[in-house]
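We just call them A, B, C, D and E in the order they show up, numbering each chain from 1.
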Amino acid sequence: MTHGFRTAYAIARKDLRTELRTKESLNAAASFAVVILVLFSFAFPLERDEFYAISGGLLWLVYSFAGALIVNRGFARELPNDCLDVLIASRAPGWAIFLGKAVAAFLLLLIVEFICLPVFGLFYNIRWTDSFGSLVLVIVLATWGITVVGTAFSAVTVNVRVRELMLPVLLYPMIIPLLIGAMEATTVLLSGEAMAGDNLYSLQLLVVFDVIYTALALYLIDYVLVV
Amino acid sequence: MTHGFRTAYAIARKDLRTELRTKESLNAAASFAVVILVLFSFAFPLERDEFYAISGGLLWLVYSFAGALIVNRGFARELPNDCLDVLIASRAPGWAIFLGKAVAAFLLLLIVEFICLPVFGLFYNIRWTDSFGSLVLVIVLATWGITVVGTAFSAVTVNVRVRELMLPVLLYPMIIPLLIGAMEATTVLLSGEAMAGDNLYSLQLLVVFDVIYTALALYLIDYVLVV
Amino acid sequence: MLAVAAERVWKYFGDYPALRGANLEVEAGSCMALLGRNGAGKTTLLRIFAGLSNPTKGEVRIAGTVGYLGHGIGVYDDLSAFENLTLFGQLQGVADPAKAADEALERVGLTRVKDGMAREFSRGMRQRLAVARAFLHLPDILLLDEPFTSLDDKAIAVLQSLLEAALAGGSTIIMSTHQIREAMELATHVAMLERGLVVHTGPQNPEMLADPAWLYRTYGEKQ
Amino acid sequence: MLAVAAERVWKYFGDYPALRGANLEVEAGSCMALLGRNGAGKTTLLRIFAGLSNPTKGEVRIAGTVGYLGHGIGVYDDLSAFENLTLFGQLQGVADPAKAADEALERVGLTRVKDGMAREFSRGMRQRLAVARAFLHLPDILLLDEPFTSLDDKAIAVLQSLLEAALAGGSTIIMSTHQIREAMELATHVAMLERGLVVHTGPQNPEMLADPAWLYRTYGEKQ
Amino acid sequence: MREKATYLLGALGALVMISNLHTIFVGLPDDALQGMIFRIIFIHVPADLVADLFFTIALVTSVLFLARKNFIYDSITVACIEVATMLILVNLVTGSIWGRNQWGVWWTWDLRLTTQLMKFVLYMSYLVVRPAIAEPTQKATMSAIIAIFAYADVPLVWMAIRLPNVRTNHPSPVLGNGKMAAVYNAPFGMGMLALLLIGSALVLLRLHQETSQREIDSLRRELHAA
């Protein structure tokens, strides 16, 4: 168990270090997110008030697109030089490899999200600072859900010929419930309402989603990695 | 010249044939597009009339996402077994290879788009049959623009380590003027207005875009293929 | 004492049996050359030994720690040589990864470039780094899949001397190869696979050294 | 008559010169083995001959049509053997692609499986298909980059016999390899590259056959 | 020597800038319509014009690289694009501040603003993709192609307030058509000169870094290839 967590830590550190060295997926995801924001704004020429009604939806669409790019790299990062084989052949348990990669992707996606947030606020004239604390909670919960499902599917598709096609096709339908929860919660928060009463529903949804999929992924990953 | 066009035809046929055999990017793009349509309808809880105002934007967002998936395969399809080397080493001129791939991607994207159109009409209660002729014209012009730029960048990024990240990063900003034109023209058409007068502006934009980028791509492709 | 044993191991890829009940026993301290035609199942068997693949049927016993070197070199291009080795030291649960890394770099003669990124290394240096990585935790058993492929004479000599040192240190080696001559300079035993079955195992003998085709002619399928 | 000539060819990768003014002349009808250590520039030179890369400086003359077989086999997995060959026939501007494809399949002995998808072929069959593809338009010059790598004895024999037939038919062959022994069974000439320069060219001689290391010892850099 | 000239150029630019700021804030009266904020024009517009100039140089050097394969052109291209992209950011930020003051919002989606933002994003993606390509010749070639493709947005931004019938909130052209008060001409010219000098100094600095980086890289490669 301790060895497992140490392994997870080593792998997360490795992923973050190589990523921060090349900044490939960070740069790509961040600039992609900005481009999508621009595209949306052009696609939807709405009034400012209408934007508040769809602000949560907009934000999470952008986040989920950026997320797909980042988790796509997850296990794909191990493909050159057959590093994945070496990881598996080492004594490292499967769940630890998975956890390390998921944590790294989670942190990277969070970075991208917190870069996008002010840009989003600026472009759409939306105030996001009022309920920042609750917003962070929602973002963290939903982002963990996206990365845990995404990293799991990145392991599933890592040996598929058309990986970059298959990952989004698998990922988006799976995270729709999560996104709906996150979108609702975010719209509520950005519109200035408090996160209480009925609004707590969507938070509960996020927590349940996270718990179920994290457990599933940690449990099933061994079957995915060694066939 | 004739040899060039024959080559282009042979390559387009090969790409279409392998694609129709495996249906990899067709299936992926089509199901991705449908998933996005569903996501949007959750993200934007708007009234039916409001949907008309953003219908063009919506449609072209979906089309450009599907397009990115399809053009991504363009030159990437030549990577396994180093087929690209063989193509280049054959007497085939670069512009012919490019043209063949662009035409194949164009046709594949058109297929996906015409699969999505009725689904879109159904989900959002939008009538698209009234001005079908003009709509086809807009779709054809904009789709050619997307595929020509996309295929060019698929050649540019084919040897890049993180191709699947870099292609969308390059593609979207480049096609935004095109998408703006296509979105406006489509919204106009779907709202029942005629394609005349001021509305012709966006059509002109599409034509200019297509001509410039096709010429650029055909001219520059040799520099990309052999370094 | 047996270091590795495979008992009636089957491996199906879909409906196709790549291994059809292969038996193999490798004595601790020996160097086994795994020979066989393309598609005989050498890589499949080695991957099962390394834990990269589960046998469909049959049993595999491994007595000790394993180091694996496949077709890819298994190091990260964007990490330095030293970072690569400490990472794998941590994964292997080595007590002092930094020290182990330094020692391994010393063994393969890369101390001078320990802070260079792996991506900038030449083919030969990459190969050395890969060996350092596979040997890092001084494994009891080394599994090598076509280790001599595409290497020049100098690189082959380096690899052979590293393997010799490992053998002298008591490690067990199993390697697949088509370059029988290079392999025979090290191998104490040979095993021959054919269509998923081990059709011959035995100690190396002089005929094999002199005439690499002898083995195929003697034990191989009649054509 | 010269089939291929390189004159003071330089190739920079960034600021690093992989070729530093290499000169090479290959007589039509000969079989040239291109030898040299890892990183000497063999692949770089062959790719320049094949038109896959532009030399930074210097001149390359190619007298005739070229067939290229690199590390990858260069056929599409999702096309049948026949479809693959007709496609390449069309690209090469062969007069009757279907007929040429049939003949090529006949030559390499794949007629029986001509409608099978390439992805379903075994390693040996894929190699044959690759050779058929490279030979399809009966090119005057064949460029082969490490053609024997990872092949078993049988596959090597098949490839050698195909190459022999091509040579007998008047083709010129240039192949890079580290498997000197296999190459010497065909080669009429050898050239040795070292750090981007051709340091020796000449006809094959008996020493090379008996002792592959002789060449490196005689012409290679003192270590 | 080269370095000293570069710093001198930068210092000169800074001097011009400071003296011009003095003129602008002390010598000019507030604008009748906009009040104090109009002064931002002396940064806002030159930032974009100088950036466009550098983008144009980058276009030319990109074409030259493809034609001549000399890495110096690639270095000039990337130096110009980096500095120009930064200047575009200056234009965006000043425009945004101005917009907040005049329109009440930081941002609005019209053709001018959007195309300008796209210019920024396009050249950012140039800078993002570059490091992902390892082999220098390939990096330079692909970068040149991207720079050529990206340049198409520059005239588009220009046209965005000059074509009839486009929906935009941005003021229509005032330069070169006599719509700007004559007193503004001198400080505007000085603003241009200041940014041009500072921009050129930065470009030269980046160029210097880029070439020495390539030398270091090649030395390291020689060492590692041994």
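Methods note: contacts are C-beta pairs under 8 Å (C-beta built on N, C-alpha and C of every residue); 3 or more make two chains touch, one makes a residue touch a chain.
The structure presented is a predicted model; accordingly, all values stated were derived computationally and were not measured.
Number of steps on the shortest path from subunit C to subunit E, with steps defined by chain touch: 1. Averaged C-alpha coordinates put the centre of subunit A at 27 Å from the centre of subunit B.
For the pair subunit A and subunit E, the distance between mean C-alpha positions equals 34 Å. For the pair subunit B and subunit C, the distance between mean C-alpha positions equals 47 Å. With touch defined as above, residues shared between interfaces to two or more other chains in subunit C number as follows: 122.
Contact with two or more other chains is made by residues 22, 24, 27-28, 31, 35, 38, 42, 45, 80 of subunit A. Residue positions of subunit E touching 2 or more other chains, listed in rising order: 114, 118, 121, 125, 128, 132, 134-135, 137, 221, 225. Contact between chains, per the stated criterion, is found for A-B, A-C, A-E, B-D, B-E, C-D, C-E, D-E. Against subunit C, the residues of subunit A that register as touching in their complex are 3, 6-7, 10-11, 14, 17-18, 21-22, 80-83, 85-92, 226-227.
The part of subunit D that touches subunit C in the complex is made up of residues 36-39, 122-124, 146, 149-155, 178-179, 181, 212-213, 216, 223. Residue ranges on subunit A touching subunit B, taken from their complex, read 24-25, 27-29, 31-32, 35-36, 38-40, 42-46, 50, 53-54, 56-58, 60-61, 64, 69, 72-73, 80, 161-166, 168-169, 172-173, 176, 179-180, 183. The touching residues of subunit E, counted against subunit B in their complex, run 66, 111, 114-115, 118, 121-122, 125, 128-129, 132-135, 137-138, 141-142, 144-146, 148-150, 152-153, 156, 165. Of all residues in subunit D, those touching subunit B in their complex are 47, 50-54, 65-66, 68, 70-79, 83, 87-88, 90-93, 133.
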